[in-house]
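Starting off with a structure, shown below.
First chain written, first letter: the chains are A, B, C and D, and each begins at residue 1.
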Amino acid sequence: MGVFGVELRRRHEACRGGDRCGGGVLGRPLRFLVIDNQTNPTQALAAARSFDAQDKVLVISGPTSSDNALAIYGYAEQNQVPFLVPVAAFPQLTKPGTQWTFRLEPAAVGWGYSIAKFVEQKKPGAKIAIMYSDFALMRAIAAGLKYQIPRSNLTAGPEIVFPQGSSDATIQATQVRAASPDYVVVIGAGAFDNTITNQLLDLGVKPDQIIHPFGFTTNILGWGARSVGSYFGTFFDHDLDGVTAEGKKFIKDFAEKNGRPPSYIENFCYTTPYVIKQAIEQAGTVDRAKFRDALRALQTKETTSGVPIAFDKNGARQEYIYYMQITSMDVAKKEYSAKQVFYMEWSPEVIPVYDLVK
Amino acid sequence: MLEIENLTVRYGAFLAVDRVSLSVGEGIIVGLVGPNGAGKSSLVRVVSGLVQPVTGTVRFRELPLDGIPPHGRVDRGIAVVPEGRGLFPQMSVEENLLMGRYRRGMGNGARALMDHAFALFPILQERRRQLAGTLSGGQQQMLATGIMSEPQLLILDEPSLGLAPIVVDEIGRTLRRLKGEGVTILLVEQNAKLAADVADEIYVMQTGRISHHGAASDLMTDRSVMESFLSVQ
Amino acid sequence: MNRMRASKDMWLWISGAALVIGLALATAGNRFAAFIIGIVFLNVLWTAGMNLLYGYTGLVSMMTAGVAGIGAYGTVKLFLDYGWSFWFAVPVSAVGAAAVGVILGLPALRLRGFYFVLSSLVIQVALTLVFIYFPQFTNGDTGITQIPRPGLWLPGFGAVDLTGPGFEIILGLLALAGVAVVYMIIRSRMGAFIIAIREDDLLAEELGIDVTRYKVMVFFISSLLMAVGGAFYAVYTGFISPRSFDVLMSMNIWLMVAFGGRGTIAGPIIGSAILVPIPFLLQELYQIKDIFYGSLIILVTVAMPAGVYGTILKWWRVRRQKQNTAVAPVAIKRMPAE
Amino acid sequence: MVDPNLLIGLSMLTTGLVLGAIFALTAAGVTIVYGCIWLPNAASGQFFLLAPLVAWSLSTAMGWSPILAVAAVLIAGLPFAYLLERLLIRRFYDVPDRNIAYFVVTLGITQILSGVFSITWGQWSDQYNIPPLAEGVVFIGPFPLPANRLIALVGALALLGALFVGLRYHRFGRALRAVFQNREAAALRGVDVQRIYLGAFLLGTSVIFAGGLLYAMAYSFDLSVAWSMGITAFAIMIVGGPGSVLGALVVGMLFGFVQAAVSVFASPTAATLSYLLAMLVILLLRPSGLFAR
């Protein structure tokens, strides 16, 4: 149902590519699960089982949409197979007591927390309106934001939830406009995100009052040239200040191949094989338990951006986010540029993540 | 004008019409009478092209109608008013009349024909904007005379069904008047009295077969026919 | 004659059970193959219910997945949150789910033909939304994970291990029992009545058959099979979510019955055995999965209205008929009223 | 600062009009096909999506002007629908329970099209914007309405009007309604019923395509719109009465305004659930719909 799956499906190739690690590690090839949101959970489970029982893999990995990730999570935990998830922001994947699952993408609840921190720094006491679609991921972001707003001494504006598959937000945008908030946080899926953004701009909300907690390249281009000046949160962008030489090469190669710059999802996918490789080298064997222990102890950096990689006791990533401001856009050429305006790192449990989202 | 030869109609294992032959001469009214379930309507459906017979042929003006779809038969001048009158309940009286001109087009004296219909039944002119579904049974039957397509052969299936005797008489008068205008009519009826009143020639159909045939005046005085009728009616 | 049939039936069921146990044990070494077999067994149970409903009574229900979902969520709730024994939770939630199914479906069962299909589709969509938008019961669209397999204590055997082939054997016997239930219903007086309803419900009514009552009974029994299947699905796979029980599942179950051959005992089993493994075995071809399925649906409807087994049966009958030169009885079908 | 209540009221009005007109148009397409052929097109949502996707490709990847792209899609839709009718739809014209057969077959088409979408357009983007025909914003009092959405609204209303007039007064429209009301009597009046079926399928499908194109002019869209619009169009058809174009108009507009109003006074989720509820209640109490033919 979600757009995420569609988006993710497109990125599988990037993940499987792992261009630099194609030869495998310690003489074993790397294989990735191909799962998208069209895949039934039963099939996702069967695929995990096939990797585990048939191929006797060391670790299962795959960018997965919501319920499939949890299905495989259950399998991995019950059958003691390491499961490294590049892209899935659900806190439940690393809930307390998790033994075998590791999540490279920071939890969505934390993104909400970071928005409040960002606004707190930009404009103390600001009033924030929230508009979001009723998907589990969006709810998680909103939950984190709502938790942190009073703690950051901000004011909560209107909060509007849209059911999955909504098309029009004119009235809600008008309601939000009428409350004159300082910032509007738009947490929408795909096209609906564009529609809301357009309707807010129609009504005279300024671009730099709009915050998108996350954006893929295609999303950002979808907001259109009018949205230049708005903010978006991300974990990787081609205009980041800290992109390394290897990161620049990755961006260049990817853009040549795909006609657009990579998003953070591709970056996580690119990073995954490195993480696996490093953990195997640390473990020194291909024993699942030793590999798991090595992942737990791992202290490394994303080779593309230099951001540290470390997992907490439940397998959650040490959290971080960038806020970028769009500075120019050419939709026809599929190009945009942005500047980094905020960066922060925090522990995964700085707020009660696992209580906010069951 | 219309010759039916050795016609057999089957629905699955059910034999509806069994080797029936019948002919309608030009310019007269032929009555086809018989009880409910005798196969009369099946025969009408074959002539109109809605049902394909198992065996037998239907010829109109010497030409066989085999394989000609219903609208092709309308083009040749056959108009069929089916059982239940075949009106369009959510269309106005005027639109129902216009549907009768579907093949002939709006030119070619459509206006004059409509005036003619209104002259025959002034009540229809009064109610020309009213929906057909809201008319009384008699008025609906007036609307369903099929004359708008200027037919050479008009086939009416059970026009008297559910109508008061006084209205049935009115229908009889109208049929005679149409005959006077040169229209050949095949009247299919359960109501033997109406058929006897207006028809020149009568066929009696029972359980899929023609049991009697003759001039209306002869047949209605025939004791055996009357008895077989009374016993089934 | 009757005794001969009964003993023939007996042998059939015994060999069925032997086949099921044999399949489960044969695949015990390969847990992937065993999983596919287990899912096939579950689908045999589901299609048995659908066959009773669609194949024999002529009701195309699109809400079967929803009923299975209620059975699954109910069982998991009782099992995990209230600490009931799984074996006690299953019958309770299955009866509950079937009752809910009947209550939801009851008004729709009065409707004929297409309107019933539509109503059941609407109910299915609504149930999926309920699964999504009531996260306090269902955990929302993320689903419930890590559902443990239950233990089983059998007198004479002691504690039985259900993590290995034991569970596949249970699923297989369950499927067999589901098929047997349908078989016995069809052989009974009720079977004759519901087939009459399928052929012509107006005529059946005229003959004095209480059409709505029989429809409701059939709907209840098939819902029961669906819900039991849903409950076992939950503990077998260890995971359920609204997407596990969406309209696609209803369609797939329908398709297996239609594909195998509606209104035959063997047809749906054949349909499940052929169609279920395909997506698992063609994992790499996930991109054309939908296109493949859609084409199959159209193909079956256009070219094989009787399904695979139905077509074989027909062909077989024609052949035998030619040999015996016997006259085939032709059913009297009333003309569709225009 | 303008009075917020006036702003919200105006936005409710325009939203109700835009959504209502698009809903009504799409449902009219669905109901024409159902009423005439007895074909409940489960794939109508996919058709609704197909047209703007093609227009999106033409206007962005190929660089056509949006007007040309929209026109090209509408024209290309005719041979598409014609082929479908020839290859598949007409096989079932004589099947007694053909509405169920059609429902199943079109569910198959739904599967195929969504599979095709996800391996083609789904790979290319996750949301689609057709470049606007007109830039800028038109002020209705204090309320800003984008010119493009105004064009979509006017287009939808014009098409609805044309459809209504055509069905009422044109010879083909009259024949179409005659087939709705009494198939056999229409045949006896000389209507070639199979040709009308073909015509109804072409017309209904084109109307659905037009609905999708207008929607895409008013909003950004993605692949999920097929499912939600398919359900909405069905709900409108059922509540309005299958086969009733008037029902589709009235109920479509009603649904648009209900969505707008419920969004203000309750929540957008409640609006979506209210459709399903309305559809279920109508199905159970009055299966032939409010505007039974």
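Note that in this section a contact is a pair of C-beta atoms (placed from the backbone, for glycine too) under 8 Å apart; a residue touches a chain by one contact, two chains touch by 3 or more.
Computed from a predicted structure; not experimentally measured.
Q: Identify the chain whose mean C-alpha position lies nearest to the mean of all protein C-alpha atoms shown.
A: Of all chains shown, the one whose C-alpha centroid lies nearest the global centroid is D.
Q: Mind naming the chain pair that shares the most C-beta pairs in contact?
A: That would be the chain pair A-D.
Q: What is the chain whose Cα centre is as far as it gets from that of chain B?
A: A
Q: Could you state the distance in Å from the CA-based centre of chain A to that of chain B?
A: 76
Q: Express in whole angstrom the distance between the two chain centres, defined as the mean CA positions of chain A and chain C.
A: It comes to 39 Å between the two C-alpha centres.
Q: For chain A and chain D, let me know how many angstrom lie between their CA-based centres, rounded off.
A: Centres of chain A and chain D (C-alpha means) sit 35 Å apart.
Q: Take the average of all CA coordinates in chain B, do the same for chain C, and state the distance between these two points in whole angstrom.
A: 52
Q: Touching two or more other chains, which residues of chain A qualify?
A: Within chain A, residues 1, 36, 38, 134, 164 contact more than one other chain.
Q: Identify all positions of chain D at which a residue touches two or more other chains, and write them in rising order.
A: 118, 184, 269, 273 - these are the residues of chain D that touch more than one other chain.
Q: Any idea which chain A residues touch chain C in the complex?
A: Going by the criterion above, the answer is residues 1, 34, 36, 38-43, 45-47, 49-50, 52-54, 66-67, 70-71, 73-75, 77-78, 90, 92, 134-136, 139, 164, 358.
Q: Once bound in the complex, which stretches of chain A touch chain D?
A: Chain A residues touching chain D: 1-3, 6-7, 9-10, 36, 38, 134, 160-168, 170-175, 177-178, 180, 189-195, 198, 202-204, 216, 218-219, 222, 224, 332.
Q: Where on chain C is chain A touching in the complex?
A: That would be residues 30-32, 35-36, 39, 132-133, 135, 139-143, 145-148, 237-244, 248-249, 279-280, 283-284, 286, 289-290 of chain C.
Q: Where on chain B does chain D make contact in their complex?
A: My answer: residues 48-50, 69-71, 74-75, 79-82, 86-91, 95, 98-100, 102-103, 106, 149.
Q: For the complex, which residues does chain D have touching chain C?
A: It comes out as residues 40, 88, 91, 96-97, 99-101, 103-105, 107-116, 118-119, 183-184, 231, 234, 238, 269, 273, 276, 279-280, 283-284, 287.
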